[in-house]
Every structure is written in C-alpha cells, then in structure tokens.
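Listed after this line are the structures, all set down as structure tokens.
Shared chain: chain A. Partners: chain B in the first complex, chain C in the second.
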Partner chain A sequence: MKIKTLILAAVGGVVGLSGVAVTSPALADGEQFIPMLVYRTGPYAPSGIPVANGFRDYYKLVNARDGGVNGVKLSFEECETEYNTKLGVECYEKLKNKGAHGASLFNPFSTGITYQLIPKAPVDKIPILSMGYGRTAAADGRVFEWVFNFPTTYWSQASGFINYVAQQEGGLDKLKGMKIAHIYHNSAYGKEANPTLEVLAEKYGYDLTLLAVDHPGQEQKATWLQIRRLKPDWIFMSGWGVMNQVAVKEAAGIRYPMDHFVGNWWSGSDADVIPAGKGAIGYKSATFNAAGDGFQVHRDIVKYVYGGDAAEAKKNNLGEVLYNRAIVNAMFTVEAILTAQGKFGNKALGGEQVRWGLENLDLTEARLKELGLEGFTRPVKVSCADHETGGPIIIQQWDGSKWSMVSDWIPTMRDIVRPMIEKAAAAYAKENNITPRDCA
Partner chain B sequence: MEILNAFFVAPFVDMGSDYIFFAEVVIAGVLTGVMYSLVALGFVLIFKASGVFNFSQGVMVLFAALTLVGLMEHGAPVWLALIGTVLVMIALAFAVEWVMLRRLVNQEEIVLFMSTIGLSFVLQGLGEMVWGSNVKALDIGIPSEPFEVGGILLNEFDLFAAASGAVLVGVLAVFFHYTRIGRALRAVADDHQAALSVGIPLRTIWIIVWSVAGMVGLVAGIMWGAKSGVQFSLSLIALKALPVLILGGFTSVPGAIVGGLIIGVGEKIAEIYWGPLFGGAIENWFAYVLALVFLLFRPQGLFGEKIIERV
Partner chain C sequence: MIYREAGQFKTSYATDQMMFPILQDRIFMILVIAVAYLIPLIANEYWLQAVLIPFLILSLAAIGLNLLTGYAGQLSLGTGGFMAVGGYMTYKITTAFPDLNVLIAVLLAGLLAALVGLVFGIPSLRIKGFYLAVATLAAQFFILWLFNKVGWFVNYSPSGTITAPPRTLLGIMVTGPEATAPVRYLVVLTFLAFFALAAKNLVRGRIGRSWMAIRDMDIAAEIIGIRPFQTKLLAFAISSFYCGVAGGLYVFFYLGSAETEAFDIALSFSVLFMIIIGGLGSILGSILGAAFITMVPIFLTNAPPLIGLSMPIDLQKHIEVMLFGSLIVFFLIVEPRGLARLWQIAKEKFRLWPFPH
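Moving on, here comes the complex of A and B:
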C-alpha cells in the first residue's frame, strides 16, 4: 500500500510540476540570456513547433559557428505558452529576471501576449520585438519606446496586398468597382488589417466585404457560402492555425480561383496547405522572408547544429516557412545585441542596452550576405521614431510541393499607413498619459 | 424603423428573392449538422450507459484520427490502419475501465466527470507524444469533388459524410433498442446497483460502450480530419457538439441527429442572413442561444428522458 501511495504521489508530483513547462539549463554569468516563449503543444502547435525550432537552431548556430556574439555565448530557455495569453504572461514573469542581467528582450510570437506585455516593457526595462505582429501603432517609437515591430506591420502588409492586386490588374485605377473580401480570424490579430483596407477602399473605390471567422475556425461553411454568392475578385485572409487549413480546403471546394486567394504572412506556412492536397495548388500568401533551405544559413545549420545530418535537420522543420521566419527573428535579435555591443562593449548586456541596439539596428545587404542570408529577407534600418521601417512584402505561391516567390518585392503605402500609425499612437499616448519622446 | 426592417424584413426578402442560394444554405446546414451529430453521438453513448458526461470525447476523436493517420504514415494500408485503430480504441476502453471506472463505481457523477477531464489531458499528451503535433493530411480515398445540381453546389465528401452519419445512427438506434446488450446498457444507465443486482456485468458493459464510443470517435475523426488535417484542434470540435446535446437530449441517439440538423441549419441561416447585423461570426454563440431557447420549453432536450424524482 505504501509503495502504491508513493508511486501515485510521484506520478502526481510529476504531472503537477509539468504544468510549469520551463526547461532550465544552468546559466553562466557571462552569457547573454534570451527567453523563448514557445508553443510546442496545444491547438497552434503545428505553427509553434517550426518557430521554436528556428529560434533554437539559430542561437545554437551563433554559439557553434561564431563562438557567440563577439565571444559572448547566448543562453536561452523555453517556456511553454500553448499560445495562451495568460500562460504567456506567466512565462514572461518567470523569465524576465533570469541570467546575470535579466532577459535581453522578449519575442512573444503572439499578438495577444504582446498586447499584455506592452505596458510591462517600460516598467521592467525589457524591450519587445514583435516582428510583423502585435500592435501596429507600436511602430511609432516616440510613443512606444520599448516595442519594435520591424520589418513591417499588418497595416503596411494590407497596403502591400492592395498594391499587388493593382499590379496584377494593371494599375491602381483598375481597382475601382472590384470586389475584395477580407476573411479574418475574429480576434485582435485578425482585425488588424481592417482599418487599412477600409481607408484604401474609400480611396481607390473597391468594394470591401469583411467576413469574420470565430476561433478556432474548424467550421467555415457559412463564410464560404457568402464568398460563393459574392464572387469576389480577390480574397485576402488573416488566419491562424486550423482556420487556414480549413479555408484553403473550402476555397478549393467551391472552385474559387486559388491564384486570387492571398493569405497574410501568418496564413502561408507549409502546414496550411498540406491538408488540402491538390486543392491548395495556386494558393498565395504574403511574406517577408524566403522559403526553402537553399541558403548558406541552412547549410551552416546542418553543419554546425546537426553535425551534417541533413535528414535530422529536415525533421526539425529546416527550410519551412515558419522555421525561416523564426531564423529572421532570431537574426534580428542577435544583430541588435551585436549593435548594442558596439556602444556598450563586448559583454553580456541588459534589456536597456539591447533596446538601444534594436533602435540603432542598421542591417545592410552586405551584412545579410555575411550572415548567409543574401536574398533571404530585406535590409532594415530602425530609428527612434520608426520602429517598423515599413518594409516591402513579397508574394509566394504553393505549387503542390513547395512555396515559390512569384512577385518582386512590393512596396507598401507609407504615405497612407504612417499617418494612421501616428494617429493611433497619439490616441494610445493620450489614453495612457504617455508624453511622446522627441526623436528630432 | 430601419432596425426593424433589417432584423425582421430584409433577411426574409433576401431568402425569397434568391431562393436557390437559400436552398444551398439549408443543405449546407443539414450536411454540417450531420457532422456535428457524429461528434455528439460519442457523448450520448457514454452518458446513456454510465450517466457520465465524457469530457474526453473530443480528445478521443483526435486520438483515434491521430492513430489512424499515424499507422498510415508508417506504411499500413487504409484497411489495416482502420483495423489497427479500432483495436487501439478497444484497448483504450479496457484501460479506462481498469484504471478509472472500476475504482469509481457508485461514486458521485461529478467524480466520474472529473476523471474524464483527467483522461482528456492524458490522451492528448499521449497522442502528441506518440504521433507528434504536426498537422497530418488524412486521405483515405473518400471522393471530394464539388458538383452542381440545379444551381446548388454540393460536394461528394459532404454527402459521403452525411450518409456515414445516417448509417451509424441507424445501427446504433437498432443496437440500443433491439439487442440484449443494448437493453443491458440502458439498465446500467438507469441504476448501476440495480443493474448489478440482476446480474448485468457492469464492467463488460462499460468496456463495450467505451469501445463503441471510440469507434464513433474514429468515424468523426476521419470526417473532420479529412477537412482540416489531423491536429490538436480536432479535439475542440467537441464544443460544437454541446449545443446539439443540449437540444437533442443527452440520452437519445435520434436526438443527437435531429439536434445536429437543427443546430447546423439554424446557425448557417443566422450567420448568413443576420450575421452582418452583428459584425459577423455569430454562428458559434447562436448555436448555444438556439439550444437554450429550446431548453425553456423542454428542459430535458427534445428527445431526452424526463426525470421525475419523488420525495
């Protein structure tokens, strides 16, 4: 009886403790600590796993290939959020003071978690890099000193999509009278593109229909019946997780021309198209990084992280869209640390110093080439006032087995989006009694 | 006046003026409703036999689909993978009875309910550990080409799913009403102790019913998994079954199918004709509102058994 009780207690203890899913390696004083909020389990795990693997592999690569950042080794720790905002905030609290200098920065990889961390960042003096997600208004660095969302935002992306449609149709003047539908995840994230699309609809005269899909998006028949009746010329989608897979399948099911169906950059991963099989051929999505594993950085990862075992690297999602996106995000993180070291010295740095590095990041084409990332993504130059940089987007298309780029880099409409950002940031500043910085 | 028109006139004018589209909406609702019924059936089976609301039914759908697609990925042909999955679900039923149920005989229903919550976490973790968390395409050869009949777009897959659901409901209804085991199941559902006292083997009944619920979960997993790929989200489909159960009654197999049809058609009509007035995406909560309205008039659900307790 006692043995049985002991076993049950042990099992109970293990199960109980597993709720706090933090992997905790020993941290050395001289190491640069980077927390990782990951979601390897839960409904969004198919997206979260390649992202987590991409971050991990890039940090490992920097340590193995370069000996760290100017000799300062990177240490990192995963905390499981299940893409759940509450758990994400708990992970933030657990990890923010780890390491000799605390967390370097946070990459929440969730718009919901980012929204919760934005007010904490200036208090804890830890910057947030929400790369291409989160609160778009945070692009105004005068108000959001601690938040960065380069290389581009949802609003810029929506304007880039309209530019792409105009390119395909023969000019912006051809948009007049066209029917464009936006199918979006019914959440803060999904709604982000709506204001931009509405402003542009007024300016260019296209007819915009907004169709919300509730979480998780497993059942979308009503949405696609409306699409069938509306017969839009183009569809833009802001989806996530299972919503994307079902939408692609439903679009094929009503014989919608897939080359006129464009997802945003969170609706164009490998997992989004595979379940639809041949029906997904022709589906497009916006992106700001290349797909595939043909870059030098991938060869380096296979060599230094996987000891030459390409099959094992592939099993860990090497070259998949979201893996590559995490590579870009991790690279931005490391380059910001490197930039900060240029001012503060080659040592492990704290959040305030890394924030300076983010704000002064100037990633050139030449530097991307040195990193084995030539043609992988675009150069970025951040400034005090501009935490977004309004970078261009590119369109990729699924051919049944892989994603391929099918456009040039498409500029976003800075002249329209930036004033919207400044207006939204000013409203946030007023609501929260923030006095904007002088970036002149 | 404009609001009244938008709510009470315009939607009906729209239905009448484009009646072919309206027919397509109704048919889509019926076909979706059958898919909801497939999930709801698993809940009904276990509730009928043990009075327990099986919180883990959604995860059982996921677990069955994961096992099937996992076996297929390891090279098993479809028929062998199907047999293998059925055997796994039967083994699961034995394990549930041995580890969980037999220790909780005659406990409060809430205790049994809590244990099924625990089971859902165990199954979810086990499924992810064995088969991984990536989205897996599921193709067992069910045709899925769209085609038009009189301007109404139909899909071979939806019709196949509806036919499968109808056959399953028919078989289960006959099983419960006209077989000895079916009668024994109902006796156990009414009173564990009374059933035991007349010689009904409680444990055997539980194994049978959990096995059948597992197989129903497999059918639901195949149909839903083929639409979205097999992934964790499949377990959340249980949320769609709840209003069906509230409406149809927790103890009625025909109730599950009728409830599914009402919810399926109701939510599609509401989303398309009234959804824009609320900003869209109303079908999830509308299904619950619809079920609650029915509850006002029939608290036991459309086909549920009326509970009369005398003091």
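Moving on, here comes the complex of A and C:
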C-alpha cells in the first residue's frame, strides 16, 4: 500500500511540476512589466522588507495617482531571493520573459545577484539598474552598456566619506597619521570600497585597517576586540542586514564614540539602530536620499495606496530610510520608462527601449518638485560614457528616534575615482573579450 | 509481469557481471539517458538554467560525497570547500591558459581538488565518525578563507569575484554569457553520465569493495589485507576529484560568476542531505537525493500560484520551508535507507505484480 501511495504522490508531483513550465499569470498586453527581486525572509529580511514595500508602494502609487506612465499601467511581480545569489538567478530566469515585452529592467538590490546578472544583461537585452551598489566598474558605460549604477557608487562614496572626515578634522592634510578602520561584509559587496580607501590612504597618509566580517555577520566579537586594541579615530562600515544591528550594538558595548562611526548607505536604516537602543544615539551613515515621511510623495502614498490609513502605511515602513531609498529607485525606474516613451511612443516598452531611457535620463530639480520629491534626492543626468554620475553623498545621524541630516552634500573625488573605474572596466573588457563602444 | 526476468539466462561471466543484468533495466537506462539528451528540445530556458543544470551538477557532487561517506564510511563536511577548489582552480587555469580547452581545465582543477582532498584526508586514519566530520569542517572554512584572503586566486579582482570567461568547444560557445542554456546543459549532462558510470564501475570493483570493507569494520578489513591508510586516502582523493569537477562546472556552466559565499557551509550540508535522503552507498541514490533537494523547493515555490492560490511572498516562502522540512522527515521515517531503497522495493513489487505472493 505504501508503495502505491508513494507512486501516486510521485506521479502527482511530476504532473504538477510539468505544469509549472507553461503557466504564468495572465498579463494584459498593454502593461509595462517590472520584475521585483525581493527578500522578505532570511537573515537580510530586516533590510529587505522596507525595500520591497517601498518599490511596491511607489509602483502602486503611479498606477493609482497617474493611471500608469502616460496611461501605460505598471504590472509587477515579486520573487523571493533571500538575498541568495542562486535564488536570485532562478528568479531572474523566471521573470525575464514575463509580460508582452519581457522584463523592463532588473533592480536586484543585491551586489551578489548583480554580479551574476551583469554578463547576462547584454545577451537577454534587459538593463540592470543597480542603484548605488553592484559592480562599481559598471559606471563606465562604454564597457557596461546594459548596467547602470547612478546616482553614485561605492568607490565615490568611500571618497566622499574621506572628504567628510577631512571636513570634520579640518582639512585633508589633517588625515596624515590618523587611524581609520573599515569593517566590511566579507563578500563582493563589502570589499567594493577597499581599493578606493587604499588608494586614498596612500595619497593622504592615514592608517587603514580592513576588518572583514563573515556572512551573515552575527558573530563580530573578534572584530570589535581588534577595534578596542586599535582605537581607530574613525570607523567606516559596509554592512547589510543583521550585520549592521550587531555592529552598532557592539560599538555601543565597547563605548566607541558613535559620532565617529559612519556606515555606508546600506548600513544606516532604522532597523540597524533600534535594537541597540540608547547606545546607538550619534551613529552616522552616508545616504543619498532624505529620511522621514514628510514629503509630498508620502502623503500621496498614504492617500492613494493606503486609502488614507496612515497607521497601516507606517506599519509598511513608510518613511524609513530603506523604504525611501526604494522610492528613489522605483522613481528612477519610472522616469527611465517615461524618458524612453518620449522616443518610442506611449506604449509598453521592451528592455532595449528602457535601456535607452536609462541612458538618456535627465532628472531635473523641477521634475523632482513635480513628483513631490523636492529635497528628497539630487538631480541626475546619465550619459553614454558615465552610468554613475558620481553624485555627492550626505551624512545622516541617528538621534534615538529618527535620522536627520547633519552635513551638506559632500562632493566625491571624481578625479581619483573615475580613472580607477576606467581601469577596472578595461580589465573586465579584456577578460571577457568586450570591445568598448564609442561614446563620442 | 512487466518486470519479468524469467528466461534471461546468464551464460558467461561477462553477462553475470553486467552492471544491469536484467534486460528491462538496460532498456530503461537507455531510455532515461536518451530522454535526458532530448530534453533541451522541449524545456525552456528557465527549466534548463534554474532547475536542471544545478540538479545535474549537484548530482555529481553528491556522487562524489557518496563515494566517501556512503561507500568508504568517512563522514565529510568539506564538500563545499572541495567544490570551491574546483571552481577557483578552473578559473585560474583557464585565465592563465586561455587556449586550453575549458573541459580539460575543469578536469585539471578536479585533480588539484583531489590533492587538497588527500591532505585533508590524512586525519581520517586517526579519527572517525563525528570527529572526522569536524576535521573536514576545517577544510571547508580554511579553503574559503584562503580564497577570500589571497588575491592571487581571483586574479586580484577588487571584489573577490571570479567570472567565467567565454570559452568555446568545437567552435560552439560553452561558457560565458553567450553560451546558451541547452549547450551548457548537454555538456554538464555528458559529464554526469560519464562520471556516474565510472563511479558505478568503481564501486563494483576491487576499490569499491575495499571501501565497503573499511566502512563496515575497519579492523576486519585490515586483517584480510586491506591497507586502511591508502584506501581511505584514495576515497578522499577520488571523492574530492568528483567534488572539484562539480565545483568547476558549478561556476562555469551554472553560476557564470561566483564568490566564496556560493560554496559556503550550507552547500556542504545540502550535499550531505542529498546523499542521506537519496541513500547512502548508492549512485542512483545520489542522483535521486539531488533531485529531491534541488527540485522540491522550486516546485513548492511555484505550486501555490499554479493552483490559483495567491498569498504574500514571504508567507509562501515560510510555508515552503516548513513543507520541505516535513517532507524530509516523512521520507526518512518511511524509508531511512533513502529514496534509492524505495526504488528498489518498487522494482521488487513490480517483479511479483500482479501476484504479490
């Protein structure tokens, strides 16, 4: 009997599996399909949930408030990746051909997944917008035609951090002999900032210590023991998910002066500081978007997406740092589609057309104001050769209940970073037999 | 009835020693292989790329671990580390010698993995069981640490990521982004078919028998003239070779680019679970186990929308994990000796069918 039931179960399973390949939810022909790689579970969920909610709410808002992009409705589907590259690739394969024209573009929200998708993008003709993450070298649009990482990159950010330290200490010449530590997630993502910090260390003469924290980052006792011994003047951190919470707690535990502890823009969200309680007060992080829910776009989201239910919106992370960053990313996506529509007409577009839109994106201050995002982020103008734009960063600080801006927009060191990017891109091109295109 | 072997006489030693002595088995195997080779005609890219290619590659790794753990009785948690050696060494070899055939690079990387396996197999002479598992765990952590730490292994790429460069085989692109999924599938399938056959023959012969003797009782094996040191080390070397080849394929034919995280401890565990669920000491079991571990979660992810259920994606993921866990428990209770044993029981039932007694 047992065998019979097992065989039946197996047959049922096979029949079910074979059905998977053919079915997909029906999508209306005229809709613009945007795939969403999200991580609402796993060790990175504290960072992933506000991001996923931000994307979803902004797309919903565009559909509800504006009736889509020039009347073309956005359709979107989530796929759970757990921030795991293998699952991310599976999701990519599943979603890339959905919709009448395939996926518009991918926002992987994971440097690891971005690395996997970069070689696939030119083959599948689907652009990737890795907003401020992913492979920094992709900023060279001559080699990486299909990848965009504006408004700014890890390398630019690291140079911005050094600029900020110099501002605080009273000039770049004061950096000499100073001890700076970089605590990073031991992955492609965390290592990104290292080369820039090393080059700048040589140039400005500060002592750089690199401290790796292994995935997922719950165990950091050894790292902080080293910090206690080293007593660095400034700490820069590239963390993500649960690693951030642990690091902030540990720093508070050893009474490190929190205002000299600066996270990168993935290490400064609400979920990162709340678990450390009062100890986290004074912790800083870089960012390129404002915190808080006081902008017109938030009022619109509450009105159109949540039907006026502000409490429900709050429960869905409205106004948190990462939620806001997802809004920026979703806004870039929609504006790129809008730009592409300007050339190809007001209809649902394919990946190639959206790529043109990304490359010709010119987001002005006036347009930001129109979108209810004035002061929320900075204008961006992308070009063929420059997919990054090297935008400035701003430093925010946690006061125990909310993040607030404590600096002006800090310029990045374009003159140092851009040649490094071009060198890395040329190396990539050589290794993969890519002929850089001519952007002149 | 269907599965009747009456009338099939074995008239020579050769027929008596065949891998599949029963005609029906032979026909079935040929059919399975033929279907496997024809699948690219009907399967879409999602199926090939996201389901079948990882399944085949992990089957190869599971066979490798099964040789060591299932046949030679040496518990190992270093699979991910040995696979990483294969992956990173294939990268080093193929970037250093771009004209060398990438398949040869994979095999050479497998040999290097075998060397590493030999080194980490040395403690197996002194320590056994769970203690050995802990010693092999050292391989897992040490190897990944090394690849993370030393820039030479990744050609000093700033992010520590290795990317499979484009390589051709007989004029067809087999690796890199331009290589199509069907081509990569066929290459991987050929690797698996060849090495599964080799493993099957290996375990039927002198070497396999000496492994099993060591596994069942090492003192007795020593008394009948099997040298434990050489036998165990050989098991480590061959097992690591399989894992190394699987690792090379994993990076070059599946992921396309990888960092050490792709080979973390979770991979070692999942390969171990594959052979436990599939059946220790069975080549077929390795493949069945790999199918179970790689395909069931994908099926569970895709099932709810299929039957028209729409639920939040996080809830769906949690349900998937719970169902997957209970399925593992269920299969282990129903048949602790794995899916391969279930298959065997099914075959025996078919032999007697329709007269069960």
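In the analysis below, the second predicted complex is superposed on the first by the 414 of 440 C-alpha atoms of A that agree within 3 Å, B and C clash if a C-alpha of one lies under 4 Å from a C-alpha of the other, contacts with A are read in each partner's own complex, and residues count from 1 in each chain.
Quick note on the criterion: contacts are C-beta pairs under 8 Å (C-beta built on N, C-alpha and C of every residue); 3 or more make two chains touch, one makes a residue touch a chain.
Worth saying up front: this structure is predicted, and the values here are computed from it rather than measured.
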Between chain B and chain C, more residues of chain A are touched by C
*asked:* Going by the contact rule set out at the top, does A:Arg255 touch chain B (first), chain C (second), both, or neither?
replied: first
Message: Between chain B and chain C, whom does A:Arg299 touch in the aligned arrangement: first, second, both, or neither?
response: neither
Quick check on the superposed pair: does A:Asn432 touch chain B, chain C, both, or neither? Answer first, second, both or neither.
second
Practice problem: Name the contact category of A:Lys221: first (chain B only), second (chain C only), both, or neither. | Solution: first
*asked:* A:Cys79 in the overlay: touching chain B, chain C, both, or neither? Say first, second, both or neither.
replied: second
Legend entry - Contacts of A:Arg414 with chain B and chain C, given as first, second, both or neither: neither
Report for A:Asn186: first if it touches chain B alone, second if chain C alone, otherwise both or neither.
both
**Item:** Contacts of A:Lys314 with chain B and chain C, given as first, second, both or neither
**Value:** neither
Query = Just chain B (first), just chain C (second), both, or neither: which does A:Ala271 touch?
reply = first
Chain A contact set shared between chain B and chain C covers 40-41, 45, 49, 186, 212
Within the complex, chain C is touched by chain A residues 2-3, 6-7, 13, 16-17, 19-21, 23, 25, 38, 40-41, 45, 49, 78-80, 82, 85-86, 89-90, 93-94, 97, 111-112, 115-116, 118-120, 122-123, 135, 186-189, 191-192, 194-195, 212, 215, 424, 428, 431-433
Counting only contacts in the complex, chain B reaches chain A at residues 18, 21, 24-25, 28-29, 32, 35, 128, 133-139, 144, 146, 153, 155, 224, 227-229, 231-234, 236-237, 240, 267-268, 271-272, 275, 279-281, 283-284
Chain A contacts chain B in the complex at 40-43, 45-46, 49, 186, 210-214, 216, 218-219, 221-223, 225-226, 228-229, 241-242, 245-246, 249, 253-255, 271, 274-275, 277
The chain C residues in contact with chain A across the complex are 43-47, 49-50, 54, 95, 148, 155, 158-161, 163, 165-166, 176-178, 255-259, 261-262, 264, 295, 298-299, 301-303, 305-306, 312-314, 316-318, 334, 342, 345-346, 349
